[in-house]
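What follows is chain A paired twice: with chain B in the first complex and chain C in the second.
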Partner chain A sequence: MIDQVKQRITELLFDGSVKGVIALTHANGHITPCLFRKGDDLETLSLGDGETSGDTRYPLNKILITIARQYPDDSFGVLVRGCDERGLYTLFRLNQLEPDKVVPIGISCPQSLALQCECKKPWPDEMVAGEKSDGVLQKQVQEAEHMDMSKRFSFWRDQFLKCVKCYGCRDICPMCFCRECTLECEELVSKGNLPVDIPVFHLTRAMHMADRCIDCGLCEEACPSDIPLRLLYKKTAEIMNTEFGYSSGMNKNEKSPLNIMAPAPKK
Partner chain B sequence: MLDFCGVERERLRARWVSSAEAPEFVEEVKDFINVLKKLGPSPLKKELFKTIA
Partner chain C sequence: MEYRNTLTTCTYCGCGCNLFLESLDGKLTGTIPCKTFSVNEGKLCIKGWNGHQFVQSEKRLKKPLLRKNGELTEVSWDEALDFIAFRLKQIKQASGPDSVGFFTSAKVTNEENYLMQKFARAGIGTNNIDHCARL
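And then the complex of A and B:
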């Protein structure tokens, strides 16, 4: 699988269709993001296999945004999984990246990772290497809804109380690109105080994720307090889907219902 | 979302009322107050006091 990816990267770099490729590398005993350029050695290229297949993930799209802002005229390749590709589609939609300046190099995720991530689509549309794994049925939201009202309340209260307000969920999120962040607005979120404003802090972020979250789960991986953030955003995504039939990043050219001016929905 | 987090959904209300429709606004607020009185104090408020104490 990795050989096909290496070959594709070499082709792209050699014919000059991209200036560089953002992927992963083995360096100093770790797997880290890396920008490969023409002539670079691809020997250390990694597909994110730390302990098990594909368990090391990074928000490569986010790095791509930073680089693309610096070099607006150049094209770049980027290694994408299913979730990353959903992210790319959403970033195209939100005008953060230009589709003709990004060349995705798609790889599928192994079934074990798909299960662990509860991923609904563990493969990208444009795949360079790998076999399609099966999408995983979404169950977490329904399980949480089985709790009664007071249980739900105490469950989320206990989760939110753990928050140390490190902003790690926002910082790792490939969909969080705003230069000014609501969560730093002192009128809404008090600065320096713990516990956080419950539930304002987390629900504000959940609202902002409504038509963006592509369910990559990096926020939950990054959270030092293990707050089930993804469950929260899965719920907003579910509401978007039942109300508007919309799923962020699932279709390349789909516009968000929150950005469309249209007549009021019929009751 | 509030409901999902265990807070009654009736505690949040969004209505579109024109600035020229004062009576409607009054009605809306009165109605909301009645609903809130029935619901009683928010569970969030209790929690807030607990964490401060």
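And then the complex of A and C:
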């Protein structure tokens, strides 16, 4: 699998279609996000594990945004899994990246990882290496809805109380690119106080994620308090899907219903 | 075009979380927690997440300052250290070693903290040594 990826990166760098490729490398005993340039040694390339697409995932699209903002005229390749590709589609839609300046290098995730992630589409549309695993049935939200309202209320209050307000969920999120963040607006979120404003802090973020979240789960992995953030965003995504038939990043050219000015839907 | 992720240890406390300092063309652009390090497993607190911010701060001191005629003046390291040695000796001689106290830091290495207590105890002869986390 890794050889096909190496070959693709080499082709792209040598035919000059990209200035660099954002991927992962083994360095100092750790898997590290990096930018490969023409002539760089690809021996240390990593797909998130030894040879296959392992569970060490980093927000490569976020790194791509940082570099692309500095070098807006250049094209870049980027290693993408199913979730990352959904991210790219959404970032194109939100005008954060230009589709003709990004060359995705797609790899699929193994079934075990798809199950671990409860991933609905563990493969990208454009795939360079790997075999399609099966999409995983979305059960977490349904299971949580077995709780009655008062139980649900206390469940979430207890979860939000654990928050140490590290902003890690926002900082790791490949879909969080705003230069000014509502979560730093003092009228809404008090500065320097714990516990965090409940439920304003988490629900504000959930609302902002409604048509953006591509369910990659990096937020939950970064949370030092183990708050089930993904469950929360899965629920907002489910509402978007039920009400508007929209699913973030699933179709390349789909517009978000939140961006369309139109008459109110007929009841 | 040079994008780098430099692996380092967070300087804010003794936990030892590992993180990558992201830099683009020599300028720090962000922090990414290291996911494969056993201590923090890809998680950080708010201080760790913002570890890159103070490095390039305009408010950061770059040279030692010495108060001369009531005003803080930039001086060389040699001059600053000579002055510290002179005053420490003077104070110790006049009022004894316990008239001096030492404060170490959470933002330096274990070895540097060791050296500081060694200097306090063996060099000056006092047990007045403490740490900024207890201030």
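By definition in this document, the second predicted complex is superposed on the first by the 263 of 267 C-alpha atoms of A that agree within 3 Å, B and C clash if a C-alpha of one lies under 4 Å from a C-alpha of the other, contacts with A are read in each partner's own complex, and residues count from 1 in each chain.
Keep this in mind: a contact is a pair of C-beta atoms (placed from the backbone, for glycine too) under 8 Å apart; a residue touches a chain by one contact, two chains touch by 3 or more.
None of the values given here were measured: they were computed from a predicted structure.
When both complexes are overlaid on chain A, the residue A:His30 reaches chain C alone and has no touch with chain B.
By the touch criterion defined above, A:Lys132 lies against neither chain B nor chain C after alignment on the C-alpha atoms of chain A. In the superposition on chain A, contact is made by A:Tyr58 with chain C only, not with chain B. Contacts of A:Ile67 after superposition: chain C is touched, whereas chain B is not reached. Contact with chain C, but none with chain B, is seen for A:Lys165 once the two complexes are overlaid on the shared chain. When both complexes are overlaid on chain A, the residue A:Cys223 reaches chain C alone and has no touch with chain B. Of the two partner chains, neither chain B nor chain C is touched by A:Lys252. Interface residues of chain B, counted against chain A in their complex, comprise 1-2, 4-8, 43-44, 47-48, 51. Chain A makes touch with chain B in their complex at residues 144-145, 149-157, 161, 195, 198-199, 203, 206-207, 232, 235-236, 239.
Chain C makes touch with chain A in their complex at residues 1, 3-5, 7, 18, 20, 22, 24-25, 29-37, 42-46, 48-49.
Put simply, chain A touches chain C in their complex at residues 19-20, 22, 27-35, 37, 56-59, 63, 66-67, 70-71, 74, 164-168, 171-172, 221-224.
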